[in-house]
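By letter and in written order, the chains are A, B, C and D; residue numbering begins at 1 in each of them.
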Amino acid sequence: MTIAAETRTLTMAGAINEALDEALAADPRVFLLGEDLADPAGGVSGVTSGLSTKYGRDRVLDTPISEAAIAGAAIGAAIEGRLPVAEIMIMDFITIALDQIVNVAAKARFMSAGRTGCPMTVRTASFGGLGSGATHSQSLEAWFMHVPGIKVVVPSTPADAKGLLTAAIFDPDPCLFLETVALYGTRGEVPSGTHVVEIGQADVKRSGSDVSIVCYGRAVVDALQAAEELAAEGMEAEVVDLRTLVPLDIDTVLESVGRTRRAVVAHYSVEFAGPGAEIAAQINSRLFGRLAAPVQRVGARFRPIPSARALEAAVFPNAHLIAEAARRATGSPP
Amino acid sequence: MTTTEAAAQSAEDLARDLYTKMTLAQACDERLRQGIARGEFAITIWPSRGQEAIAAGLGAALRTDDRLVTTYRGLHDMIGKGVPLEELLGEVLGRAVGAGRGKGGTMHITCPEVGVMLTTGIVGAGVPVAVGLALAARQQGSDRVVAVCFGDGATNTGSFHEGMNLAATWQLPVIFVCQNNLFAEMTPIGDTMHIERVADRALAHGMPGHRIDGNDPEAVYQAVSEAAEQGRAGEGPTFLECVTFRFKGHYMGDPQHYMPPEQLAAAEAADPIPRYRQKLIEAALLSAADADEIEQQAAAAVEAALKEVLSAPEPDGRELDVDFFADMKGIPA
Amino acid sequence: MTTTEAAAQSAEDLARDLYTKMTLAQACDERLRQGIARGEFAITIWPSRGQEAIAAGLGAALRTDDRLVTTYRGLHDMIGKGVPLEELLGEVLGRAVGAGRGKGGTMHITCPEVGVMLTTGIVGAGVPVAVGLALAARQQGSDRVVAVCFGDGATNTGSFHEGMNLAATWQLPVIFVCQNNLFAEMTPIGDTMHIERVADRALAHGMPGHRIDGNDPEAVYQAVSEAAEQGRAGEGPTFLECVTFRFKGHYMGDPQHYMPPEQLAAAEAADPIPRYRQKLIEAALLSAADADEIEQQAAAAVEAALKEVLSAPEPDGRELDVDFFADMKGIPA
Amino acid sequence: MTIAAETRTLTMAGAINEALDEALAADPRVFLLGEDLADPAGGVSGVTSGLSTKYGRDRVLDTPISEAAIAGAAIGAAIEGRLPVAEIMIMDFITIALDQIVNVAAKARFMSAGRTGCPMTVRTASFGGLGSGATHSQSLEAWFMHVPGIKVVVPSTPADAKGLLTAAIFDPDPCLFLETVALYGTRGEVPSGTHVVEIGQADVKRSGSDVSIVCYGRAVVDALQAAEELAAEGMEAEVVDLRTLVPLDIDTVLESVGRTRRAVVAHYSVEFAGPGAEIAAQINSRLFGRLAAPVQRVGARFRPIPSARALEAAVFPNAHLIAEAARRATGSPP
């Protein structure tokens, strides 16, 4: 990660806004489209606030409730060399845009043998943890990992959000950029000016020698908290933030787990057939015979996400469950 | 009774029924907003305040066994259809007494006993499902009909058009009730479609489409009754554009920065509830005292239900393991 | 030249151009079917035989830099737009000389040099993409327009309606070309929609919609020219229902058991190619000898291209590792 | 598996047709809907041939090209207690129906706390291996595994197809029934009369002691062929046909791999983040320290599926690649 000299404290939402702002300023090919993006609303979570006022409604386009057409319009423009950033407000709604994303965008360069690309970014957000219920809380990034042709990016800090979104917007291929609403308010130091975080580079968010917690997105926040908890018990957890799932920086994971010989894989998407399954399978096969314990997975339970707060909390992972898993991996008493 | 007396009687009954439904929906919506504003409970709701005439006309025109599919903004519709207040408020507040014992939430309320088969938070998603409900009715030899409520914004979705086309092609008894409140979240209707009358969307599917005053419960009652009659007779679906307004913005707390103040003021001045009250009093179908009493009863009913709900337990943690798959064998823990 | 002479000259040029495009599309389609029937190659195609007038009118009315999005049944459209035969046949036959070097296949042909930006096998999927292509044109300050071809069946998809609405809302230069051949696979149009005129679907989106004779290349040329002019002037999209017929069923080899023989016979009797030939000869815009020569040249051009394609290599195995992601770092092997 | 006394040889397509036929005959709640299902077409692959003639067009409904509405209509009817069998012609098109399947069907029982169920079956088919290109060849069952609330069934033989489809149709919950067009012509003995194969029960299609090949669908055919190849080299491979991915009969897998201590997991869907990742992760963690070799995965390569035949063949698995993987697992020389 290149950190510019100057940083300021920004929220995650602010950092995303800044990335969009700077991309719009830097390149006339960049434009945004999605529902309720324009001012005065500036997006349902205010993430695009101010941008239509600054760049005009030709660059920040409010759309009808037409997720397939939002994606399709972005794809068409991207095929022509524009750099669209389409917003699918809540990730559960991406089901509606899936034909476009999976069957057109992800395959455009390959099927045309490179005669057209599709440098589109799809921003979407997981609303999990806010009591919104089963159709407004899913994290479906595993689906996109499984579709060859689209990059999958999930930031966990404001700085990464800015740097990765900038990289995604200017990436020549389609990128899914998954935001986490529960993290929008998280604050952190963010470089001012152009800040690019290379897609495909995991980041060790905390070093440790006893166990590796491999995670991304919101689970990174929990993992860091779990690491604190564990440190108090004398266990040093290393927290590896994948940052992107496609490309997957398995080398950094293997280097870490090769050292600690113990791994926990954590994410907010459903554990069963989730991203952690692929990561665990790779760790197991690449470090076969060198692990001190089986890879522990911590994901959402295999249930629709209930709306009532107590029930919902029982479905998602948290710092405590991650710490528990680390203890299991190290054979520590609970 | 003479025929004229009977008609007068039934006009009076209808008026009372409509006004009762409207005030109940209003009272429920207001009490929830009050509770949120006061900090009594931390929930999100999508107020239906302003749209009660549609719910009342629809609920009064439908039979209990007729089906309803509605949305996150559909508490009024469900009240009109007869969902018990405890079930509604219980689900909104995430309690064990809720319609879905807290598992569904406000956007996902089901009450088959009064025909509410599905509530969706995904805009447009209820439309194709309504078509299937109507198909089942036909297959079962029932003359029940299915009403599906959605907003103006929903008519921009592919699901809406696919569902409309299928209902028209199969001539199924579906009543498509578009509650056109002129906004979708923060975006005014003119920014998302290039037509003047949403009702014209029915032309794409060879379906009758009518634009009616959604703030007049009797107009809605009349239009839905006719559509239902047509549906029951096997004469296919109807699209109704009910023009109305959302007084409180998209969600409770919406600052409505996007809302032209004159537009909101004009809409509020045409509030369907005082307007209907006045009309009934002028027509001597209801006395002012009766109207007052209906309003007080509505508020009292909501208060009583809320009290019961707030004293009900949170859902039990075991809820995660029941009513998921019917048979849990082999299902991941 | 006098104005009248110039007009006559240009009418003759146009006639020749249209007839050339039609016969080329026909020759290509026939040669492929012949090759399949003879066992020369084992491929699937979705014949466009019968629909050539649309492709010719469309291709003649558009500029080279105008964009085209079409479908699995769009070889005629692509020929009309000027895609080199080698690229087309190469892709259909999976050779390295194909438009996508065999990676795309018949349903996925792209040839940006002549404006063919996307071909889709997913019914309806091209429609929203066309809207994006048009948006880019506007953003780039170009007056090029975008034509998107699809069938009658495609107008039942949600994608179609979402795309139509967006194009109308944003008043983008899109020409929606519905090639209504009265069937979707094995299902006749009357079984899947409840309207008489597909053109009426444009009413749902506030877009001009015209129904034209899709078997008359000049009618198509005229309608597309007007729509393109409108689009270039920033006056928004147009929907054109071009009524036509598919002579060979859904795919090459389709036994067409579902097809009423009288319907097919009537359509074949109105074959647009002999009909146009006759019309041109009668109007003295083309001599019979000229027409014969155009037909022979078409067949010869197809034969020559096919020969070249069949002697071209299969795609190299390394194709799997190029033109996938621009940067393959970290991508699973 | 209950095998009735009498069997006949049927193709896979014929067996599916028979299951539909018998279900339609047995229960008036059963009906079919989808594109081109009715006679004379009887489905694009002829699988529903004869059924509309026999049961009428009220029980076998041709639909418009409206995958979202096909799924939605099936769901609505299922909510009313009907037993719809919806066909999504080719699995790639299921992207269009995904909102309905994922956000309505899979969550109906849970969100309503059991007040409505959704006993719908979605039949769909993978067209891979026929040169149809990237948008008509995908196997996306991993997506559905990851969505809590829908069963996932993939038969590999005509008998299983009949028995599993019958079970799916009468199952009280939504089922995705994935057919494989390349197997439609496969012949096998199929019980006449009612034949039900319990959902959630893997089937050992061949016994062996040296290595376990865990697979489903088309990969079972390849695995059996690979087992022949390996047997000639003196290696006895056990072929475990999962038959259903949700529920996943991990017990049968663990019993087999526990014995052989070597596992290959094979499927036609993309290997990366595919069903095999979950299965491998579970084997690794449950049999930690007892495996003689890392679990080998064989799936489709991480590429859009090319149309040209030679390129396409290089993307999918086959018997040879599965045999290779078994040799790697057992450390046998190639």
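Criterion: a residue touches a chain if its C-beta (ideal position, glycine included) is under 8 Å from a C-beta of that chain, and two chains touch if they have at least 3 such contacts.
The structure presented is a predicted model; accordingly, all values stated were derived computationally and were not measured.
Annotation: A-C is the more contact-rich of the chain pairs C-D and A-C, by number of C-beta pairs in contact. Look at the CA centroids: the one farthest from the centroid of chain A belongs to C.
The distance from the centre of chain B to the centre of chain C, each centre being the mean of the chain's C-alpha atoms, comes to 46 Å.
Chain B has its Cα centroid 37 Å from the Cα centroid of chain A.
A separation of 40 Å divides the Cα centre of chain A from that of chain C. Of all residues in chain A, those touching 2 or more other chains are 63-64, 66, 68-69, 92-93, 96, 99, 103, 107, 110-111, 133-135, 148-149, 272, 301-304, 306, listed in ascending order. The residues of chain C that reach two or more other chains are 100, 103-105, 108, 120, 122, 156-159, 162, 165, 169, 191-193, 319, 324, 331-332, listed in rising order. Interface residues of chain B facing chain A in the complex, by the touch rule stated above, are 43-44, 91, 94-95, 98, 100, 102-108, 120-124, 153-154, 156-159, 184-187, 191-193, 257-258, 314-315, 317, 319-320, 324, 331-333.
Every residue of chain A that touches chain C in the complex is listed here, in rising order: 31, 58, 61, 63-64, 66, 68-69, 71-82, 84, 99-100, 103-104, 107-117, 148-149, 151, 172-173, 200, 246-249. Against chain B, the residues of chain C that register as touching in their complex are 156-162, 165, 168-169, 171, 191-196, 200-207. Considering their complex, residues 35-36, 38, 40-41, 44, 62-69, 92-93, 96, 131-136, 271-272, 301-304, 306-311, 314-315 of chain D touch chain C. For chain B in complex with chain D, the residues that touch the partner chain are 99-101, 103-105, 108, 110-112, 117-118, 120, 122, 125, 127-137, 139-140, 158-159, 162-163, 165-166, 169-170, 319, 322-327, 329-332.
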